[in-house]
Amino acid sequence: MEKRLNGKRLSKASRSGFINYGIVIAAFALIQILLVVQKLLGVTLVSNSLQSLLVPTCCYIVMAVSLNLTVGILGELSLGHAGFMSLGAFSGIVASFLLADVIPFAPLRLALSMIVGAAFGAVGGVIVGVPVLRLQGDYLAIVTLAFGQIIKNIIMVLYVGVDEKGFHIAASSERFNLAEDGTAIIKGPMGAVGVTKLASFTAGFVLILITLVVVQNLVNSRSGRAIMALRDNRIAAESVGINTTKYKLMAFVTSAALAGAAGALFGLNYSSTVASKFDFNASILVLVFVVLGGLGSIRGSIIAAALLYVLPELLRQFGDIADYRMLVYAIVLILVMLATNNDQLKALVGRIIPKRKGAASHG
Amino acid sequence: MLKVNDINVYYGAIHAIKGVSFEVNAGEVVTLIGANGAGKSTILNTVCGLLHSRTGSIEFLGKPLGGTPAHKIVEQGMAHVPEGRRIFLQMTVEENLEMGAYTQPRSTIDPNLERVYDQFPRLKERRKQIAGTLSGGEQQMLAMGRGLMSSPKLLMLDEPSMGLAPILVEQIFDIIRRLHEKGTTILLVEQNAQMALSVADRGYVLETGKIVATGTGQELLRNAAVKKAYLGG
Amino acid sequence: MADKKQFEKGKMVPVPSVSIIPERDLGTTPILECSHLGIDFGGLTAVNEFNITVGRTEIAGLIGPNGAGKTTVFNLLTKVYQPTRGTILLDGLDTHGKTPAQINRMGIARTFQNIRLFNNLSVEDNVKIGLHNQEKYSMFTGILRLPKYWRQEKAAHERALELLSIFNMEDLADHQAGSLPYGAQRRLEIVRALATNPSLLLLDEPAAGMNPSETAELMENIVKIRDTFQIAIMLIEHDMSLVMGICEGICVLNFGQIIAKGTAEEIQSNPTVIEAYLGKQQEGGAD
Amino acid sequence: MSFLNNVITGISLGSIYAIIALGYTMVYGIAKMLNFAHGDVIMVGAYVCFFAMGSFNLPPVVGVLLAVVVCTVLGMVIERLAYKPLRAAPSLAVLITAIGVSYLLQNSAQILWGAATKTFRPIVEGSLTLVPGQLSVSYVAILSVVCCVVVMVGLTLFTGQTKMGKAMRACSEDKGAAQLMGIDVNATISMTFAIGSALAALAGVLMCSAYPVLSPTTGSMPGIRAFTAAVFGGIGSVPGALLGGILLGVIETFGKAYISTDLSDAVVFAVLIIVLLVRPAGLMGKYVPEKV
Amino acid sequence: SNGNNPGGNSGGAVTIKVGGIGPITGDLAQYGTATEWGAEIAVEEINAKNGPVKLDYRFEDDTGVADTAVSAYNSLKDWAKDAPLVIYGCTTTAPCVAVASETFADRYFQLTPSASSPDVTANKDNAFQMCFTDPGQGVAAAEYLKNAGLGTKIGVIYNNGDAYSTGIANAFIAKAKEVGLEVVATQTYPDDKTTDYTVQLNACKDAGADLVFLPIYYTPASLILAQAKQMSYAPIFFGGDGMDGMLDMEGFDKSLAEGLLLMTPFNASGTDERTKSFVEKYQEAHGILPNQFAADGYDCMYAIYEACCKIDGIADMDSQKLCDALIAMFTGGDFSVDGLTGTSMKWLESGEISKAPVVVKVEGGVYVTQ
């Protein structure tokens, strides 16, 4: 009896995880094969626009999965996830710039920049996390929203550069006394310009895998259970000796660090990046992915992020609809929400695809 | 007064009520007993329109209820004191009671309030307290009081004695008896089968969504199987 | 009822703090000593001058009319509310200024009057969360799945099933906690509390919503838990068959004040208690 | 003098936030949903009034009434089509749907009315001079403060005293139990949206009278600010929305005037976070601890 | 259009694909649609000419965001397949910088109507601007004020969350210092959705500024003018080219702008035939008056068209060859274009345009060239 349960139980949690790895690896492999075939045969299998979406899609998948950790697993609404992405993007860009001479090998430089981005994201996570611990529900949502705005506002007036005297950082252009021959890395509202693009689809793929390892393994561990316990019932969680502060912060910081890494990858995929890109709407976009994919469902986040990020771009192909692209997007969004929450539809789906028993999964 | 005919209720894919039929005549106290999860609350919720049966029919006061929304059913004179109290936690005690008389004309509110306060003096003491901070038992009294505010023709009580001090359990059953005497029809769901059957005219025994036995209160009290399963005999 | 099961109760003896504890617990530090404990909510004094001593392996009962302050006492003991006055000694240690989580680690576990499970998680995970502080691997070990992770997870799994087996709930391990029938949820809460390895277990109306036969089974199990784990249990209950059947020392609260303390027999015959709580004479805790 | 000027500016700005926040908090308090489309209903209200007054030359009062009527209907239709099917769904699902509705309104407005900014003709013009050449208050500001207070008092009385208002509160707590009281939950929530949207129309007209530019995205930023104000004051609390709105306006103005215009957003939001740390349920929000 | 025939040769004329990028939804939609529609009119005129070159025009939305702009660019590449493609855009700076580095790497010729930062063209030989650069405008503004002897004490209010606004303001302040103008107040606001500018205006007023320089777009500027009037503050207001369009805002009270000075290359009430016909067509199609964005867009199409007409052997060129040929043409020295926004417009090696800045004053609701 025990043996059987044991085997079944362990395989269930990991089966769901492995399917996720499988989906990601298969998608990566498929696209790589298509790209190779395309090159060999000279036919268009993956259009330019789709190719250009590969890296950002990876970033948004990581964003969605990491936000799911806060919203789905910890159960706290965050409206400022893009703030962490912003921190990661700009710190990553600065890091890659500073490392340019030291480490000529681009992939390594990219990796280090992403680590720096993650570190900055994590620091942001701590800064937001601490007030968050005292607040609940929508009050917490407001703090995350406020944080996103503050980060945006600060980076918007931030000037960073290097010259032979060293590293300069200032909060306005007047105080930014960079020498004539110095290079400005971040120029206030102009953002970071002239970024050397280091990002690659492979890096995005690896980052997704790392994110999956971190999030999935976390969820299926002692710490993850504590986090979910806080979500389901804080008072009960405290009553069994769970340190609320520690685990809320753990979830927040992990999620922020992953967003920071995604931000660094994103920032290093374009030659210029501005802080206004990571505004409230960007945070909302990621939240849409998470909710649409299903709270707590990692696979859902991956699929929803991939589809929804690409959808508006795909709509460009369809002549007349293209003009009403964003309108169509809005309608699709509403209809999908209505459909996925429709009881009759759910029952129908339930009858067609019988659910596994004891639906206590967090795949 | 109430006629339930072959209803089947589902929660998603879970088949909770499997073809149950029973009836409650005017002036009767009828009790449903059964183990945890047998489906007692589900039946009450279906009768009052919060849940819907896939098949079968429910008649109240001679009129079929099929698909009538809960608030319309309540207007016709049914009151349901639901399981878990479900009082309005952010409202005061008195506001909760007033909500109970939502369908009633304004003039009936004050006399009804007085009546409820007579029955539960504790509520009168706490009339301005936010209901959410009441103790468990106080909340149960409030729920019951709220149900009485509309002077219903059919009162459905879902485990009214749960979590109450023995002295209050007696009171509750006294109230049930008194209501019975005054001619209120009551459909009672109870864990405390002993007491429930002793006040009831008739009872039904429910097991995993099916009615397995029926009879007068006294008959069921003597029924060996019932004794064993529900009376701790 | 004729064939009602009789449980063996210890002989109760007085201790200096105007309380009684089982004779077998004499000579050890009492698990719980409260003195002058009290709390006010705004103008309302919910609990006042609450003094009690609970022996190491005692099953103690806390009864009283609705709104008397019983749950509030539990909330004070577990620091859900911070006491306005008084001290609580747990196993001789002052619990002043501790958080609920720290209190649990010091040895008090509880269940709730209104069930508080982790509804979206499986039964097994609920118990494993109870085992949280007995598993000792870090977040990184968990993420990297080091051998320690596998070892401890396996141990936790086995321990969880072992605890569930107290109530014969092993087969429910994979079910979602929120979808369990009410009675099973109550039992799961007890298992989860036990998993934290407490020395004092607080049960708030464990039999509420159970029928008499289920209650009888629960009584057996409470005694069994005390016997196997050798812990103290304090329970709030309105079902007199349970309280009178298994509680050794019983304390009666009314309006936040203790109105009586003693054994089941003493309480049952106490006229103040009868008037305030029991109502007209109950024969041997009939249901 | 410049201090007084700043106070006046802050209160005028704040009264606009407040009147939007009142609608927000109303819908939140009853329907328990963050209606992110509220800002866009405001925008629609402003457009309606703009065209009524501009293209059809109707008097301001008629313009406002028309805006109120259109928005009330719009609010009820949105509720019926997009939110009602989600009664049983998790609150985040409703939040996302509201965002979808917000996008939908913005994009429809752009298709219907174009992207170009329009200048709104204020419903009342001119200002009251307090100290000639130095200190004056615009009539719009006075009007919006008055509207705020009237709406606040009206809503407080309505939800606290009337049967309908109490029914709304009952619905907000427990829809099932409310039905058992005989309350028609759907009608009640529909009513909530009607009121909220009518307020949105009023807010739109007042906002565009005070700051007379109008484009399809006009509502989004004030929407967020008003949400912030509502939370600041204690979301769900009607007087809180008023207080939160006014204070937010004053803080924003003082932050710009006495700290820095460079970081004005950062200052506002930092103050907000600090206040919330001291009062975790907002200024007027009751912190009702969960009974254990 | 036929994809696999470079220089798509239809009926004797060579067809060049022109892919435009700009925000046509979202906050910045009004600017993007103006550039889209202005160009559209030019394309229609050009194609009606039956000249040696025809333009096949398509415009993609970038919502004003860099990553979306890059996607838009790639979808234009997909659209063009192997036919020669020229990129027209982006409307706003940040997306334009991102796209320009892509076109630079892929070798597509790019001409932007309105992205005015020097970063757009910096180190990219293929990117050209139709508008003035921001620093150029800032410097020109300071010089103009100095020469005209306007403003003894100057206040500046700008959007420090916007590259365009910050770029002009910074250059202006630096140049002002250099030529000896006194800047007494520098005030900022974080984005164009800001509604209240009273604090900024008060600061200028308190500092005694008799001229306020507003290097910002017309929407916030219209609010600033209204609020200044409200507080009875009446300095001279001086704006950049982003200010053009204010008079055409539906419902705008033109008296507010009376006396406003602005630098704009385009005057919708201009009396020359070409302007009149452009304005007429634009109004007919879209119901509103064209502004400087639309006019720049119109000129871009003519610049591309006229340059293409002059290139030899264009029929056999792919995008990359065309890019090099256009670069050579634009920087060759003897290529110049007459348009709505200037005459004999030429381009520098850097990609910057060289055309004469024009300052106009609003008098009686119309522009009067100073």
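Letters A, B, C, D and E mark the chains in the order given here, with residues in each chain numbered from 1 onward.
The definition used in the following text is that a residue touches a chain if its C-beta (ideal position, glycine included) is under 8 Å from a C-beta of that chain, and two chains touch if they have at least 3 such contacts.
No experiment lies behind these values; they were computed from the predicted model shown.
The chains that touch chain B as well as chain C are A, D. Looking at chain A and chain C, the chains in contact with each of them are B, D.
With centres defined by CA atoms alone, the chain at the far end from chain B is E. Seen from the Cα centre of chain C, the chain whose own Cα centre is farthest off is E. One finds 75 Å separating the Cα centroids of chain C and chain E.
Chain B and chain D have CA centres that are 42 Å apart.
In this assembly, the C-alpha centroid of chain A lies 35 Å from the C-alpha centroid of chain E. Rounded to whole angstrom units, the spacing between the C-alpha centres of chain A and chain D is 31. In chain C, the residues touching two or more other chains are 71, 80, 112-113. For chain D, the set of residues that touch two or more other chains comprises 107, 262, 264-265, 292.
Residue positions of chain A touching 2 or more other chains: 153, 157, 172, 235, 326, 343.
In summary, the structure contains touching chain pairs A-B, A-C, A-D, A-E, B-C, B-D, C-D, D-E.
Chain E contributes residues 25-26, 60-61, 63, 65-67, 70-75, 77-78, 93-94, 97-98, 100-102, 117, 119, 122-123, 159-163, 165-167, 170, 173, 190-191 to its touches with chain A in the complex. Those residues of chain D whose C-beta lies close enough to touch chain A in the complex are 28, 34, 36, 82, 85-86, 88-90, 92-93, 95-97, 99-104, 107-108, 111, 224, 227-228, 231-232, 235, 262-266, 269-270, 272-273, 276-277, 280-282, 290, 292. Residues 1, 41, 63-69, 71, 113-114, 181-184, 205, 208-216, 238, 240-241, 276-280, 282, 286-287 of chain C are the ones touching chain B in the complex.
Against chain A, the residues of chain C that register as touching in their complex are 78, 80, 99-102, 104-105, 109-110, 112, 116-125, 128-130, 132-133, 135, 137, 139, 141-145, 149, 152-154, 156-158, 161, 170, 173-177, 179, 192-193, 195-196. Against chain D, the residues of chain C that register as touching in their complex are 71, 75, 80, 112-113.
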